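Heads up, the next two complexes both have subunit A, just with different partners, subunit B and then subunit C.
Entry: the complex of A and B
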């Protein structure tokens, strides 16, 4: 079967699923994007499905005026921890900066679906283990050199080389090995994977932020030599103070009317560490946009008549892990479930996020945040059940446990809520609060065997957004995952997960997901009480910012009215 | 007098050596490691080891210390591990910024607090005196991050009288920097006002009770001459000593204020370096602050000696 035939069949399969009511229209769009079906084809598929339009999420640009050309937008956010290097960045400051002048093969859209960027289209073979990417033609780097397959290959090989220290390596290991990328011709790249992987496009999207496409001549100093294909060019970088950009006059992007992008003349990123100081600068009008607004302290922004806070369906989580290598969690499912039934998730959401986040029920397959996921079973607070489970677990008189967490973001408040809510069931939670640095520190000789976040008996770890449930699960639930705080090892789940990753057929995939989800929920290696909604704050006269909040702040179509 | 200065300067050398060793030792105990800070929690152990090796951070601590100290005294302060920059110009630039802010704050603090303290002392036990004592003391217990946020909200966001940032846009004339430093300087001023004013008040009250003041009053000198000619000079001795030691506190306050106002000073740099174990940067910035602290104490001692000849003789 040719690739085109295969794609046609896959499209028909999706339409079928949608017609039968097994998928919503939004789910269909996301899955179509993963398989590289173009927006036009996806539109035709939606029409074939019939039914009514669903609400779209993200952005608050209703009633958007006509674009205004020119002007400079000022962004505010934390400074990068080190001078940014796209190969190793992992923090918000670094990612927001790099995203302005570098691009990825694929971008995330406002609801974590995929949209073509430097790759125009992509297709898997029948097995899902060979993926072919067709690159955009006529793109040049801002130093004038052309963008070609060779740049993609060197960029991907660079993150696969352990000597370069890229965090993307952990995500790609077991999926793509060095030498797995090959240039078919000047504008076609073929990835031969280590195993079939249905979500591979996410791995080379902006969702895996170290895979930015750099020039083949990149030598490692992006700040002094900022060569990229993006809409802006870095002209000045003052460590810990600000970064200044001007528009890239030869940018390839055009808007729907064929106008040259970006609309803006330039942008500036102002680095301010302190969150309340950032909010004050926004309120005073000194800056225009805060890509990531933190819930704590955001109340004043919600009420400010000059500002607009946009809400995006974020997938960031606070993982509460039970370390199953140690007592009392080892081989004691009932005890883990008992804690799960103590939680009043609505109240937690209310207290931490003003009720604006989505609730989670201890599984990654949550349809409210990941379209296409099977329905999960809600878990309400139920002390009778919790006490029963506690007794089944061998602790009829309750027990003392320790919860370790960093003094970072809303973790201290969350830990406090868990402590309060567990008490009535007879579970006394002792809080062990560490500094952020201490929580993630470990012995030089054996980091993974000593660091508190992976070794304390019960922990809260903050995770940024991931675009698909499988990516979260692979990173923290597989027995060989290096970031597993729970050290969960359920062979049935592991073998199902293997099938899930290699299955392209949507019906069987949903079927497997349902089983994965119910095993995860039942076994309860980790508590997932919510998926954090993302906030982006901007002045009311700023429009057109794209991307699913926080890290990805695409200003190529942004503009300011007077 | 010169002997006093010479001896004090000599004493600074062992103090600095001890301080530099302490910083290295403390950084060893602190959690975290520099390669992990650069690569993030998601990098693998092998990747972190490789980078530590490249940075030389995997060598024994004494070896790194000897290397660093050798470089430091010969003017080679090394490169920051976090930032792609040499430590010496980075620290000097930041220190310059901090000195400007601290100096500006001192210019506001010293005359204001002395005036307030002397004023209260002259009206000892009046309602005004008690009002001043209580209000200045309460201000010293408000942390800078609280007063800073309140001031920012009132003057920058609400009234819009002062800028919200601590640095003018690039290309502005140098004088405009002071306008931008007014807001950051006020929290520092509030912090110090109480201490210095209290000392000035105590000094005034004590000196006023001295027989020579009574003599001056009784021989018919105008009040103004009594205060400025006889009282102030003697009342200022404890105040000057306190100002000297408060400079250390001022630098502590700078750390908070600089972070809040995103001001590129030495306090900001120190926090970053300490958090991420950037030892060359941490050592250099802490030592510069230590030198500053010692020099300001020395200057305070010299001023005290000039005010009080008995100390000069004893030196």
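Entry: the complex of A and C
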């Protein structure tokens, strides 16, 4: 079977799934984009499916005026924890900054579908284990050097090298090994995977944000040597204060009318840790955009006549992890389940997000968040069950546990809600609140073995949106994931997950996902009480910011009217 | 010469009492003198008590402080639980059900404001007592021995006084971790230098007095002279200094909590509450204003007590 035949058959398979009602139109578009089917083909597939247009998701730029060229936009957000390194970044400040002057092969759209960026198209072979990416031609780095296949290969090899400590390695481990990427020609890269993997394009998209494409000559210290292909160029970086960018005059991007992007002359990122201080700066007009608005404390922004708060269907989570390397969580599923049954998820959603977020039931395969996922079993608060489980776990008289979290975002409130809701079952939760810096600190010699967020017995860790459940799962539930706070190791689940990654057939994927979801929920290595709706706030005269909420803030088509 | 002879005694009644405590083999004139001194002491106490009762400044402060002590101890008996969360009733404005409204987790602000007094009224007085204890020891030693001992101690005190209280507290708490005991010890330690200065000044004024010389002549140990002869005679400045430090301790404890170096959630501690609720100031000002007003009232009350005591002692 040729690749074209395979793609055609896959398209027919998606149409069939959609017609049978096993897949929504939105999900069809997402899956088509993952398989590298063009927008034109996807449109034809939608037409073949029939039915009506679904509600589109995304920002609130309704009635957008014609773009205005020029101007400098000011963003406000937290400072990167350390000076940003694209290979290892994991925090909001670092990601927002890197996103302005570096690019990925593939970008995410507002529905977590994929859209071409530095790769114009991508196709799998009929086994799904060899993916060929056709690169965009005529792109240059802002130092004048051309963007070619060699840059892609060195960028990917860099994150595959364990010595570099990249979080992307967790995603790519077991999927792509060093040497798996090769240049077919100057503008074609072929990835030969360790196994078939239907979601591989996500791995080299902005959803796996350490895979930013760097120049083949990159030797580290992106702040001193900010070479990228993005719409802006970093001109000044003052640690913990601000970063200044000017437009990249040789940027390859054009808008739909063929106008040169970006529209803006420049942008500035003002670093302010305190959310209320950020909000006040927004309200005073000192800054224009807050890429991620934390709901707690932002209520005043909703009523501000000068601001617009865009609401995005995000998939960000607050992972409550039970560290299974230590007591009392080690080999004690009943105890973990007992805590899960103490939670009143609706009340938590109401208190933290005014009921705007989607509920989660301790599994990543949540159909309300990731359409097409198998239905999960809701977990309502049930103290009788919790007490029984507690007794089964060997703690009939209750127990004392410690929950470690950072004083960041809504984590302190979430921790107090957990504490309050566990108490009636006899679980006394002691809160260990650390500063943001202390929570993510660790010894240089053994960061992953010493940092509290990966080693404390029970933790709350904030995760930004991910485009697919498998991305979340690979990042924190596989035994060799460097960001695993639970240190869960369930061989049956690992084996199934391997199958899931390899399977392209949607019906089979759904069956496997149902098993994965069931095992994850039953074993309860982590609590997932909600998936957060993302907020982004900007002045009303700011338009055209692309990308889902959360950290991805594409300003290439942003502009400001008078 | 009989060093315990009445005509050599310091007229101060407490000094008389102190000397009388240590003597062996009383004689009749001494007994009469002791009785007179005790009567004088009682008279002075009555005068002090009456003067304080008649001092509007002192009484206003005292009533407010006693109100917060009472609230800190017993408020949970007649308010809702300060930590009880109602996720469906967050940031509600003051109403018949919640007189001070609710906070971000639906907790009753009245209950939290009243209970919030508890932590600060543990921390501040205990820290002040520690500061007075350590400061008195340092000040007594320094002022009593003078010379090189005084020089060394006072230069060290100068160095410690130059350290900003809050920043040094943060440094210590960062190193030692948090917890009520550590906060108390930290504040107590940092308030020791100013107390020692005050005590030293008072000791220098007393060390040349006759009763001190008398005690030395009869061969009393230095520690005894400092603790039993001098200390009782400098209690007024120590008390006033203590009330000044108490006000500062209240404020310092609240500041450390506000900065995140004090108690952890869900404590209703005022400083912590102000810090966590200030982000809602625009939409739910009651969640911040009531604990802030409570804190301010306690600091003002302690200062009123200080002023009242100072005026009465100066008489």
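One rule holds in what follows: the second predicted complex is superposed on the first by the 451 of 562 C-alpha atoms of A that agree within 3 Å, B and C clash if a C-alpha of one lies under 4 Å from a C-alpha of the other, contacts with A are read in each partner's own complex, and residues count from 1 in each chain.
Methods note: a contact is a pair of C-beta atoms (placed from the backbone, for glycine too) under 8 Å apart; a residue touches a chain by one contact, two chains touch by 3 or more.
Worth saying up front: this structure is predicted, and the values here are computed from it rather than measured.
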{"item": "Partner chain in contact with A:412 - subunit B first, subunit C second, else both or neither", "value": "second"}
{"item": "First, second, both or neither for A:399, with subunit B first and subunit C second", "value": "neither"}
{"item": "First, second, both or neither for A:275, with subunit B first and subunit C second", "value": "second"}
{"item": "Touched partner set for A:83, first subunit B, second subunit C, both or neither", "value": "first"}
{"item": "Touching partner for A:435 - first (subunit B), second (subunit C), both, neither", "value": "both"}
{"item": "Contacts of A:350 with subunit B and subunit C, given as first, second, both or neither", "value": "second"}
{"item": "Partner chain in contact with A:246 - subunit B first, subunit C second, else both or neither", "value": "neither"}
{"item": "Touched partner set for A:299, first subunit B, second subunit C, both or neither", "value": "second"}
{"item": "Those residues of subunit A which subunit B touches in one complex and subunit C touches in the other", "value": "276, 435"}
{"item": "Sites on subunit A touched by subunit C in the complex", "value": "275-276, 279, 296-297, 299-300, 344, 347-348, 350-351, 407, 412-413, 415-417, 419-420, 431-433, 435"}
{"item": "Contact footprint of subunit A on subunit C as seen in their complex", "value": "83-85, 87-88, 90-91, 104-106, 260, 264-266, 276, 278-283"}
{"item": "List of subunit A residues in touch with subunit B within their complex", "value": "81-83, 88-91, 162-167, 169-170, 221, 223-224, 238-241, 270-274, 276-277, 280-281, 283-284, 286, 435, 437-438, 440-441, 444, 446-448, 453, 482-483"}
{"item": "Residues of subunit B that touch subunit A when the two form their complex", "value": "30-33, 35-52, 58, 82-85, 90, 149, 152-153, 156-157, 160, 163-165, 167, 259-262, 264, 268-269, 272, 275-276"}
